[in-house]
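In the two assemblies presented below, chain A is common to both, partnered first by chain B and then by chain C.
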Partner chain A sequence: MNTFMLLFLLSQQVTPESILDHIRENLSYSTSRFTAQIEIRKGKRVLTKNFSGYSKGDNFYIEFTNPEDRGVKYLKLRKDLYVYLPDIDDVVRMSGDMLKQSFMGSDLSYEDLVQEDPLRFYKPTSLSDTAIEGNSLYVLELEDTTGTAPYFRIRMLVDKKTKTWVKEELFTKSGRRLKEVEALEYRAIGGKYYPVAIIMKDLRLKDSYTKFVMSDVSFDTPVPQNIFRLEFLKK
Partner chain B sequence: MNLTLLLLLTNLKLSFDAFSLWELKKSDYLLLLRPNIVWNYSAGEFRFFFDGSYNYIKTRDTLQTEAKLYQSYIKFQKGNFESKLGKLVHIPGFAGIFNPYYKAPSFENISTSVEGETGIFFRVSHHILTPLMFLIFTDQWKEIRLKLQAYRRIGSFETGLYAEPSRSSAFGVYGGYFGKITLKFQGLKKDSIAKLCANIEFPFRTTITSIWMYTSTEADLFPLPGAFLLTKNILALEIRFPEKVFEIPYLLLFYDLDSRVPLFIFDYKYIVSNNLLLEGGVTTRRQNRTLYPSVYVGLRFTKGF
Partner chain C sequence: MIKTALRNLFRHKRRTVLTFSILSVGIIYYIVLQGMLDGFEFESIRNFIQLESGHLKITAQDFNPETFEGKIANYPELEKKLREFTFVKGIAPRLKIIGTLDNSIDDYPVIIIGIDPEKDKMVFQLNKYLTEDRLTHEGIWIGTVIADKFKVKEGDYLYLTFKGKEGSIVSQEFEVQGIIDCPSFINNNLLVYAPLSTINEIGGFKGEISEISVLTDNFQKSFLYKEKLSRNFEELKISTWQEEGKDFLSISQAKKTAQYVIIFFIILIGIIGTTNTLLIAVFERIREIGTLKAIGMTDKEILRLFVTEGVLIGIAGSVIGVAVGALLNAYFVKYGTNWSVLLPKDMNWGYRVSGIIKSSWNLTSILVSLFLGPISTLIASYIPARRAKKLTPAECLRWV
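For the complex of A and B:
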């Protein structure tokens, strides 16, 4: 075997870092524009909310479009969260800690909803092989190295062919399994292979889940500058 | 303009509220039935807003029926400038219980509502300072009152000034820090009366817990469900559960420092669907050192278009 062949094989070797890099590349974007629906289910009861919005970096703008909440808008600017309430036509500032709280009562937090590069806090700690229902998968374990990630540890099942995650388990620092996320649908968008439909289960709650479906999404396209201004919320 | 485009720009919300409160010791009751309509229409720089209802209120001794207009205004906004004309709600300082500049219900449930004032409102938003002016017409437009406010947001801080120059001398200062915990204070000096409200809010387990302190040099009225609390000094503990979606508890404990009487409101909302909300609760009020407990139930059916 010549040296070139050896170097080629080494470059093709799958490492935890290379898989994480591939996943991050698919999930990272500088700007986004989206229309989405969130379905919150508990037992037989379902709440459905529709919204559209933009994101730039870690900042986001969301406007609800379902009739019951229409006109309610959220704006995240750096560490601050603002809510526009149409009934009083004014903007209410929320505490910064609200970002860790549930988004409109769903299993998703505000931080889960929109992030420029959600896996940037993590380093891989292990990689192994598994197979579920005939599908060959990697089990990738990630750990927060910055102390600022929403979850301390992530256990990820990654499709070997597409190198995209199919299921995530999110853990606290004490090792408690907090949430489970499953990718329901991937779509090719602007050179990325992105999960446009996910289902998230908060394992502390019985018979409940949140389904998040993006019907229209684009990445790294220009967003209107005035969207990320407080005055725009009152428009 | 075709109908589809009109519907896209319009938000019409119809709701029906039914609420009943029983005072257990006196066998008093209150029944409220209220169909409500909220209409919101935007066209370019303009926005029209209407919020009104027809109220049927029955107590043991009285029956009251009335059409109620809470808000009705036209708004113009271009860039940083906004102006509103009509009947509108403006809450100076920080919205919430014990706001010394705006007398809102201490707690929001199906029976509560906020009613605007008629006038002209101007605001110019700027990152250095946002000034606003609210000219209020009262006594069938014969009397004019002026409310002025200016505020600034710097990072996690927000601070502001409030004044009512046309009504003797009312001057207020407020400030807040919004970080992992939230700290707020709001002060008002109105004629010879001074009022101060301080609040610390922090996450505790799955709750947002708030501790409130309110002090005034003269006794003040605080609306509670079905009653009023008249006092000068209050300590309060408010516990909200932001992670609850379908069954939402809420607890507000008051301690009246003057009479040394504790009071409370416990509320429980049960969301059936996007359109239907059920609510129940227990509250207490004090009269001549006697505590009167009350229970209430309500429902709100909402249909949006």
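For the complex of A and C:
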């Protein structure tokens, strides 16, 4: 009986790996549909952009709908990212150095955008408890073990109840904190908790942030098949 | 004939002076402008070699000059081989990476150049334009425009951020140890120099470099030396300073076109001015032409007289133009012209020059100017001279 109890308790024990797996699992889905808004602040200037799109596996399609960017479309097909620019009525393949540029002027680079399951590079190095404003949280420290992840270390605050991340701090190897991502709102969608509003700050810049707010999102629902083709971009 | 022509020209001093003055002004403009453009070109080439290219540049065959991808892995071995060539006088390895510089308030895109300060001095002369020639393990040199943007001086700190070899972001604080204020837009506005060893260490580049700049014993033999090196280093791409600077050297080609346009306008000024003066002279002296013909002067002699007058105007215009032009050019050769106001450091206009730029002597333009006046006025005087020749003595004497 004692042995059985011990095994049961061990299986229920929270480990850093199990938290990381849960976070990754919570963010995975086969298909998605979304309508969203990005708010980009650079100094005193605030820009708002709207877009909608679909994703399927590693591929995604985004179309901007706000008047200034209406008709700009992005398509990620496997490892490649394409953009359709209505002003020149042509499709441009983003490659090399272009991928380091900022996505529509936001704090997100194209490289960040095309990254598939970015947490796969990391292994937990420590787990501790903390509480912020009455909420019990885990502090999960992750480190890049492959040497290929953009950020060497991630410090994550994870909600104990839902095991979802509420804040991420991204560090370089030398210990400089470069970016901070905060989940502003989670919504239960199809049995999972998904961050529908996040704010990202590039800590190298003063008065700069990018806020993503998803107004309509659904997972694992059918998406149109013809959009994940290059020919569709020009239509 | 020349005496008569001279006497005729002196009779109408004001008109003669005005005609050759127009020609002289054109020639002065041509000589001074040529001297300035040559000065720009000479200084620009010298600065380009001393600050950006060296005499030869060696890169990997797959080196991409926009992304800086494609690196040389076996540098120590290559350096040893290069030193075996007697014409090689300096070798500078450089690692180029795209990155950003920031002060936690603003960021600025830059090109990071990892250098070995001692070897770099053997090829480049950046130290001439540095506020302080010191580069320690955690130090950087930045351009004056970048320093102005961040409002930093020597001893202040900035963060340098770039992607390491495997793709992970590296960000480290560096001390600004020197500020470069030189006649190169790219150095003032875009480049950040850091020790090669530091960049290698924090970026994990494992001794890889982007390019090797070579200084030879004669910059004019760059194509010959390129051929020699290419035969020995087939796996590498070797380019001369002319190939590296083809963009700004194409400005020189445009300059040549401008030169032809100036010559054309000088000829036009000479032709119009002289034709006008001599045509008036023909009409004013029509009765005189009649008298000359009546006392036995032949048509050929009349034609020659007017052509001689025209050529004399051209000679006077050329001689005075060349003399004044040469004097003015001598001043600009010695003291130069200050272009700082017209050429701000944050504006890229191709030439690698700034501040006071000294003119050069262009002997071709002086020789061309000496012949330009007489030739253009020779052509111009033919029309009025022919008109004078065709008139009969009776027509001339009846002229009111």
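The rule is short, and it goes like this: the second predicted complex is superposed on the first by the 217 of 235 C-alpha atoms of A that agree within 3 Å, B and C clash if a C-alpha of one lies under 4 Å from a C-alpha of the other, contacts with A are read in each partner's own complex, and residues count from 1 in each chain.
As a convention for this text, a contact is a pair of C-beta atoms (placed from the backbone, for glycine too) under 8 Å apart; a residue touches a chain by one contact, two chains touch by 3 or more.
Note that the structure is predicted; figures quoted are calculated from it, not measured.
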Inquiry  = Tell me the contact category for A:I88 with respect to chain B and chain C: first, second, both or neither.
reply    = first
Message = Just to be sure I read the superposition right, which of the two partners does A:S102 touch: chain B = first, chain C = second, or both, or neither?
response = first
First (chain B), second (chain C), both or neither touched by A:G147 = second
Query = Now for A:K79: first (chain B), second (chain C), both, or neither, which partner does it touch?
reply = first
Ask   = Counting only touches as set out at the top, which of chain B and chain C does A:K161 meet: first, second, both, neither?
value = neither
Task = Compare chain B and chain C by how many residues of chain A each one touches, and report the one with more.
result = B
Inquiry  = One more residue to check, A:T48. First (chain B), second (chain C), both or neither?
reply    = first
Request  = Could you tell me which stretches of chain A are touched by chain B in one complex and by chain C in the other?
outcome  = 96-97, 100
Inquiry  = Could you list, by residue number, the parts of chain A that touch chain C in their complex?
reply    = 96-97, 100, 144, 146-152, 172-174, 176, 178, 203-206
Task = Can you check the complex and tell me which residues of chain B touch chain A?
result = 11, 13, 38, 40, 42, 49, 51, 75, 77, 79-80, 82, 84, 88-91, 95, 114, 125, 153, 156, 158, 176, 178-182, 201-203, 208, 242-246, 271-275, 302-305
Request  = Spell out the part of chain A that touches chain B in their complex, as residue ranges.
outcome  = 40, 42, 45-48, 66-68, 70-71, 79-80, 86-90, 92-98, 100-102, 105-106, 208, 230-231, 234-235
Note = Interface with chain A, chain C side, in the complex: residues 64, 66-67, 69, 98, 100, 102, 104-107, 159, 161, 163, 166-173, 202, 204
